[in-house]
Amino acid sequence: MAVTILVAFATAVLGLCYGLLLGGISRKVMARIHGRIGPPVTQNFSDLVKLFFKRTAIEHGGMFWLAPMFRLTGGLGVLFLVPIVVGRFSVVNISFAGDLLLVVYFMFFGCLGMALGAGDSGHPHAVMAVSRGLAQMSTYELSFSMVVLVLAVGLRTLNIGDIVAAQSGGIGQWNLVRYPFATAAAMIAFLPMQMAYPFSIVLAPQEIPIGPPTEYGSRFLSLMLAGRSIFGVAKLVLFMNLFFGGASNIADLVMKTLLLYLYPVFVSAVFPRFRLEQSVRFLLVVPTVLALVELIRVIT
Amino acid sequence: MDRTFTESDTGQADRNGMSFGTEMTEQKEKLLNILNIRFRTIRQRTIPGNIISLVIDQRELIPVAYYLRHHTGYILLQLISCVDWDEENVFQITYLIWNQNEKTQLLLSFRMAKDTAIVIPSVIPIWPHAETFERELREMFGVQFDGNPRQDESFLLEDWKGPPPMLRKFDTRAFSHERFGERPGRYSEDTRRDVGRKVGEYDLSRSISGE
Amino acid sequence: MKSAIDPRRTVRLFFGPQHPGVTGNMSVELWVDGDEVTKAVTHVGYLHRAFEKLMEQRLWIQNFPLVCRICVPEPDINEACYARAVEELAGIEIPPRAQWIRVLVLELARLGVNLMALGGQGGTIGLGTAGQWGITYRDFVLDLFEELSGGRIYHMYIQPGGVRRDLPTGFFKRIDRVLETIEERLTEFDRLLFDNEVFHSRTRGIGYIPDAWVDELNLVGPVARACGFPRDVRKDDPYEIYDTLDFDIVTEEGGDVYARAVVRRRDIDLSMSLIRQIMDRMPTGPISVSLPNLTRWRVPPGEVYTKVESARGEYGYYVVSDGGLKPRRVHVRGPSYVHGVTLLERMLVGANIADVSNIMVSLTICPPEIER
Amino acid sequence: MSEQKVYCNQSPSLPGRQRVGKIIAEIARANSLWVVAYGTGCGAIELRPLHTARFDMERFGIAMRPTPRQADVIIISGYLAVKTLKRVIRVYEQMQAPKYVVALGSCTINGGMYFDSYNTINQLDLYLPVDVYVAGCMPRPESIIEGFTVLMKSIKAGEATGWQHYIENLDYYRSNQNEVIPRWDMPTYNW
């Protein structure tokens, strides 16, 4: 029991640090694309500490206070439910090795809590961004759940551990190879999940600066930064488990998650932002059709 | 009013050493003849180059503007400006109009006495974007425009109290000095001494503050 | 318009002044219904420095370092306008080399401004890479200005009676290098911006200006040229030596944000070709005429309106002299004066809230011109 | 939502001495300065090159934030018209302490070219607590970076306490602001 709690705690801390580090790396990479030197990779750590030690004198009601908690909880939930390393030495936090649907629910949970809190902040930009974000989320969650359905039908299981085990036999067994269309759909849905351009219509600095966190200052923002980092890592681990054969050791984990993390960075470096209806149309058509094709392939 | 005006304008024209009617293209002559026939145009003065300066009677602004906009090529309003001749207690309102076809510039101006609260008819029906110019003149000179719906909205200044700032009798330096203060040591004597050495006993600060 | 607004469904939104998407320090008050703007009112005056009042307080020559502060992105047009106005009033004929150098400086400034405007056009719809690159290329032009005049932004170079100092030795070589660098970088830039499907989908048909408005509101510069109207002071009323240069006015059809971006892109090429022509044909000789004792300089009375073509359109100075030590009246007319207030208030009605900053940047509204 | 809820309406109190991790906090503050993206004057034209490739501000952890709630630094980039001063005060007070003011240009120091303009203030430090002045018209990007390094040094040394000074002498600043701004239609304390 104690060991489990210890491992869970270590997972949370390490996930946080790794997420912050990944954020720093992505800022560095983006700066290099711009031709700049870029911030040190440890930039997000100092941001986190600085924000945590700032004065907080904003009162917007209960939900406003709770929203960063929701986000953090969502991130931690996903992180704990997903088996991180499966192999000789394996890190599986919650012993029943959670169900994929529960993970999807937790991914909803964070965003919804964020939406409620932002709505409570009463800033028109935040409200607009929330409506945008919910509209967009419903679209990409549709295609993502269809991908989940594909995996469920194809592999006869919703248990992430079993899904990872099913593709343990080398690259040929990965779902990337087995279900290429589903993987493509999921990777397209991965962009709006990571708020990457061209789907980054929620935090649109030139249109509605800057969306839900407009009113969120010092400590709230540090909590949200932590939540976002953990959430990001959890999503990376989830996608790695679902399509890229999981991780059998730490080096494997780091390499796969790093590559997965850099993919949205490169995409958002060269694309402007969609308008809301354009984004929704794209997300409703392309990934959904891909997932449908895969579903038909799997069923027949 | 007309008399004062004519004198001053003749004076100006002669000081400029400008000869009336020279260097005028066919279209310019035609336009000026028509305007002379149809309107009580007080004086036209042609500045060398492609600029016509046309001085009209203030009561005829709208007819002349309408005629120019709809019967000639002078359709592009560039600027509405106001000059404060406070010695003569007169405002000079100038409309700059550009003729794209003949590539000629028209300075349509008239003079109005300041003290009598004359209301200038707005040219918004003829040039919609005149609204902004008139708003600015209203704020900066206190000139009234009749028929401008937004002329009392504040344009550049916010909660401005006191005289319209662009009037020449408004001393911006004194106002700024007593309202915003002045950091001690801003004027360094040595620079003034240098300037004095260069230009004799001429005092630069006096030239800034205006004789 | 008031009647079209339903208070129960409308959010009143202040777009600026503290807003990353607004061009400079101005604000647009929007009445938003869902995502659609039902009414827009421009609020300016955040940058009002009362230049026209200050010019009446200063000597003719003391205004020369002051005028360039009016328009921050492109100061040289102010210097050129003011200098030409004073020369026209005082009947000064400046030497030919000074005219050529002036045109060279004006074209370099236009090149830099258009680079920044293109970058801003990309950046305002989220393509941060384009914004970064465009402003970085502009820095090369600023280096030339720094070598020429000592200042990056405010040059105070074009003074009444000529220019302040002669070109440094080997200046043309460095201009050539800068132009080559910018040209080769611009191929990549075009692939990033103009070959981008999302950029097309964000800019085509957005911010459309009907042709009727061009004459009705006297739209100038790239805004009019993007509607197919060849409005360009360099051709309409050639100043300095533009009539001896060989170029065609850039026009595009469509009148939307995309057309304006393309006009700016082609203006960059035009400026480069003009700069090359000037460098080939630059005459030798004096660079300025000697002026009278500047502290006692009385400019003969009269009124003039001089205009030059800025990167945003016609930029004019209406100067009235009463024969005194100081100007009687200087009225600055920037192109943004109409674009930023009347035109913008018309264009934003019915626009999507996501396109407001897109439209504003495509007009390259420069608030200091409106407010002075 | 009522003003009571949005703005705290009692006078701000100085936070007690931070015992926990004061050193860490100050090093972190110095290394991540977030600037509120508000170009108040013509100096804003030089802030664009500042975060592009030539002079990369982000090297020092200086980033632009679109909302004052998340910013630490406000850059007063040049002259302040009275109309802008009102907005700047509002933005400054909505920022969360500790917060710093960097003033660019000679026009913020003594009016500069606009010393006799009826619409621009002459001394910024009458209305806001300025931590760093960067002289010049307009200051080059290198000098702005120099100013930021000075600010970082003073933060690490714990000397950049302009915001505390503002809270302590709030009445002095308020009286100065009120005599310049004709109509004070803002909440008394809006943080």
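Chains here go by letter, A, B, C and D, matching the order in which they are written, and residues are numbered from 1 within each.
Keep this in mind: contacts are C-beta pairs under 8 Å (C-beta built on N, C-alpha and C of every residue); 3 or more make two chains touch, one makes a residue touch a chain.
Quantities reported herein were computed from a predicted structural model and do not represent experimental measurements.
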Labels of chains that are neighbours to chain A and to chain C: D
Chain pair, A-D or B-D, that carries the greater number of C-beta contacts: A-D
Cα-centroid distance, chain A relative to chain D, in whole angstrom: 35
Chain B and chain D: spacing of chain centres that average the CA atoms, whole Å: 40
Inter-chain centre distance, chain B versus chain C - centres from mean C-alpha coordinates, in Å: 24
Chain A and chain B: spacing of chain centres that average the CA atoms, whole Å: 63
Numbers and ranges of chain C residues touching at least 2 other chains: 19-20, 45, 48, 50, 53-54, 57, 132, 136
Where chain D touches two or more other chains at once, by residue number: 37, 51-53, 66, 83, 116-120
Sites on chain B at which at least two other chains make contact: 157-158, 165, 170, 172-173, 208
Pairs of chains in contact (touch as defined earlier), listed by label: A-C, A-D, B-C, B-D, C-D
Chain D-facing residues of chain B, complex: 157-161, 165, 170, 172-173, 175-177, 179-183, 186, 208
Touch list for chain A against partner chain C, complex: 33-36, 124, 128, 197-198, 200-201, 204-209, 269-276, 278
Chain D - residues contacting chain B, complex: 82-83, 86, 109-111, 115-123, 126, 179-183
Contacting residues of chain D [partner chain A, same complex]: 1, 5-6, 8, 12, 15, 18, 21, 24-25, 27-29, 31-32, 34, 37, 51-53, 56, 58-59, 61, 63, 65-67, 69-70, 72, 96-98, 191
Footprint of chain D on chain C - complex, ascending: 17-20, 24-25, 45-50, 53-54, 57, 65-66, 69, 72-73, 116, 132, 135-136, 138-139, 142, 152-154, 368
